[in-house]
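One chain, subunit A, appears in both complexes that follow, with subunit B as partner in the first and subunit C in the second.
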Partner chain A sequence: MKNIQPKILSYSRLTNQQLILNGETLLSNKELSPNDWLSNIYKYIKMDYPKFFKMDRLSKAGILASEIAMNHLAQNSSEVKDNWAICCFNHAASLDDDLAYQKTIEPDNFYPSPSVFVYTLANIVTGEIAIKYKIKGETSFYVSEQFSPTLYIESVQNIFNDSPDIDYIMGGWVEYLENHCDVLMMIVARECDGSSLDLNEENLKKLI
Partner chain B sequence: MEELINELKKEIIEVLNLEGMTPEDIDENAPLFGEGLGLDSIDALELIVLMEKNYGIKLANAAEGREIFKSVRVMAEYVKEHRTK
Partner chain C sequence: MKVLYNIGDCIFSPMGSTTSENVQALSEGHSALAYYDGAFNLPEPFFASLFEKNHIEHTFANRAKEAFRYTRFEKIAILAAAGAIQNADIDASRKEVLFILSTTKGNIELLENQDGFEKERLFLWRSAQLIAQYFGNPNEPLVVSNACISGCAAQIAAARALTNPQYKYAVVIGADVLSKFVISGFQSFKALSPELCHPFDADRTGLNLGEGAAAIVYTHFDNHPKVNANTLCLLRGAICNDANHISGPSRTAEGLFAAIEKTMQNFDKESIAFINAHGTATRYNDDMESIAIQRAQLSACPVNSLKGYYGHALGAAGVIEVILSAQALLQNRIWKTRGTQNTGTASPIRVPLHEEKTLKTAFLKIISGFGGGNAALLLAQKGGIR
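Take a look at the complex of A and B:
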């Protein structure tokens, strides 16, 4: 296995309380409900993607965090990205949607919601990100107890080693469960010059 | 009929999460799919659920839905004729 040192080109951090880009707080929240907070961020970053409002909250959080990290790099989001991959982790998988869907199939109120059902898989968020940014490389989604820098670095290394055509990986930790939002979205490069952060355990522990 | 049309518009906005849209923004004679509101296949399924849940109307097949969901006005006419609640 080739030993490479990937770099973090850009990262965003999204919780119920804060929106952070590369260590700088862009927005803080004390009063807004979790739903309104996500919509507020959408407006703040002047995103124009009507499909956003039809997404589940896990995908909304993932898309917003991706958009912020992507905007920082001034990437053309409409350009096909053959050399990009996606790799995300979380703990609750799609439980937030599973619970919402369960409410639509109660025996005394049985009206299964198709629009909720389509999000009852955790990896839908990676699909939504791939569609939005035209990312054509592999997408992967793993469930783990908590964010593990060791596991994340290993996953990134594996993608870069197994897929020589991939130069960038969008991903990190994307968690949304019962109004609790916790996202760390990074854009990692196989190699890059300059002062970008090394993708190592020490740095990841600081970011999360 | 106008009252039912307005009621349907509000329900469509709510169940399809048409953020920032008001009943006045929806032309009751415009196509719901393709042009017009630009709804997709999942939206069509959600409208079928709406018809059953709110009006007790069970649609047997997709072809039937294609006719009924031509516009909000066509939907309203169908609801008026077939509703059981």
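Take a look at the complex of A and C:
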């Protein structure tokens, strides 16, 4: 098995308080509600993607963080990317949406909606990212108690080792539960020249 | 990908409590699907494959050693894993064993009635920890939640995890239980059939859901005492996204076709005995699979679906169906597609309506799901690998 040292080409960090790109704070939030904060970021980065408004908050957070990391790379985001994969982890799976859906099936208030139900799967956020950037490689979603740099690095290396046709992996940690937002979205390359960050435990601990 | 050997498996489903009970029921043409009116307090009736009331509790109480309270979901996962571990004859409390759990919704029914369980039980990682701890296993389990493809994705995850020298065995468990939450959601999608499902039928009317659990113990050691010519090997697997729609398949079967191509690369198509498809009996899924099969030039190969027996068991489907297909191969059989009379899909495919015989030694498993994911797995008997 080839020993690969993947590199982090760019990363974004999104919490209720801050939006960070490659270590630099782009926006801070003091008074906006969690929903307004996400909409505000959408405007700030001049995103034009009407589907965004139909998404659940987990997908919104994932898409915004991906867009910021992607913009930095000057990639043609509308080009088909069959050499890209997506690999995400989180803590609560789709529990934020599960709680919302549960409210629609109470005995005295029964009106289940397919547009809410569809988001009650953890991996939908990876599907939304795949659609937005036409990523046609693997999409994988795992659930863990907390973000494990060791496990993330292993997962990335395993995808690169297993799939010689994959050169880039978008992903990281994408969590949204009851107004708590915590996203680290990285674009990792199999190999690249230049001064990009190594994907290693020390660096990941700093980023999260 | 590393070749994995199945050294023990178990299906705990409404069809039976062991792999052989399930195979027996399947051979006799039984189906666990039944009509339910008023179940889970749902206003609309539905067809599904459900465990009989108290069956899980009774079975678990008879086998389990401790008083700790587990949920229905955790119990079926433990029962399936215990069966597989017993067949494999391994000590699951050792550090060389990794548990991998595939599920879509875990304990989601606790949202309606917490039943005295702590809130933490809503988290999939918590259930997985408790399942692994039941066996005294010290490792943090891996949880795969990739909608309907989870069971196959978990087997690919096992092949990858076993490249880590710490591990010798992976216990892959697929499990999901049905609830008001899940059934009402599929009803709101208008995806459920008002009758027994007819996979790949020209007049198919939608899917039936099912619940159940299954587990496989995989190792990558080909010199393991349990490995022989009949052992089923997971040779390759791939996952590809359609990048098209979060709840509908690609019209051109983009992702599934790509996953099959990657999996079948340089493998002799002639040695494939059958393709075990997802075959949910929804119009779009079955058409999409037929298109992928045709594009991959596999139209001559028999294609079956087991949904007429089990319904769609969500995170368990990929594990249950791989085990049953392996058993078919071992007995030189191709399961029929129960419930289907007149095949009719966008691309013509060959769906056996009666059981057939085969002397071939490999099969292809395909599966697709919400979020645009598609997976393909190639499995073969060890003695048949050229």
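Convention: the second predicted complex is superposed on the first by the 208 of 208 C-alpha atoms of A that agree within 3 Å, B and C clash if a C-alpha of one lies under 4 Å from a C-alpha of the other, contacts with A are read in each partner's own complex, and residues count from 1 in each chain.
The working rule: contacts are C-beta pairs under 8 Å (C-beta built on N, C-alpha and C of every residue); 3 or more make two chains touch, one makes a residue touch a chain.
All of these numbers come straight from a predicted model, not from anything done at the bench.
After lining both complexes up on subunit A, report clash or fit for subunit B versus subunit C.
Here the two partners, once superposed via subunit A, fit next to each other without clashing.
Rounding to a multiple of 10°, what is the angle at subunit A's Cα centre between the Cα centres of subunit B and subunit C in the superposition?
The vertex angle at subunit A equals 80 degrees.
Look at A:53 in the shared chain and tell me whether it touches subunit B only, subunit C only, both, or neither; answer first, second, both or neither.
Touch status of A:53: first partner only.
Could you look at A:114 and tell me whether it touches subunit B, subunit C, both or neither (first, second, both, neither)?
The answer is both, since A:114 touches subunit B and subunit C.
Applying the document's definition of touch, where does A:39 land relative to subunit B and subunit C: first, second, both, or neither?
In the superposition, A:39 touches subunit B alone.
Output check: A:138 vs subunit B and subunit C. Expected answer is one of first, second, both, neither. What do you get?
It touches subunit C, and subunit B stays clear.
A:4 in the overlay: touching subunit B, subunit C, both, or neither? Say first, second, both or neither.
In the superposition, A:4 contacts neither subunit B nor subunit C.
For A:73, using the defined touch cut-off, is the partner it touches subunit B, subunit C, both, or neither? Pick first, second, both or neither.
neither
In this superposed model, does subunit C or subunit B come into contact with more residues of subunit A?
C
Just to confirm the geometry: in the superposition, how small does the C-alpha gap between subunit B and subunit C get, in angstrom?
Nearest C-alpha pair, subunit B versus subunit C: 8 Å apart.
Subunit A residues touched by both subunit B and subunit C?
Common to the two interfaces on subunit A: residues 112-114, 118.
Quick one: which bits of subunit C touch subunit A in the complex? Just the residue numbers, please.
Subunit C reaches subunit A through residues 1, 41, 43, 104-106, 108, 111-112, 122-126, 129, 140, 142-147, 153, 156-157, 159-160, 163-164, 180-181, 184-185, 187-190, 238-247, 254-255, 258, 262, 370-373.
Show me the residue ranges of subunit A that touch subunit B in the complex, using the header's touch definition.
Residues of subunit A touching subunit B: 39, 50, 53-54, 111-115, 118.
Could you please specify the touching residues of subunit B with respect to subunit A in the complex?
Residues 15-19, 42-43, 45-46, 49, 52-53 of subunit B touch subunit A in their complex.
Hey, which residues of subunit A end up touching subunit C in the complex?
Touch list, subunit A to subunit C: 1, 80, 82, 86, 91-93, 95, 98-99, 101-102, 105, 107, 110, 112-114, 117-118, 120-124, 126-128, 130-131, 133-145, 148, 151, 154-155, 158, 161-163, 165.
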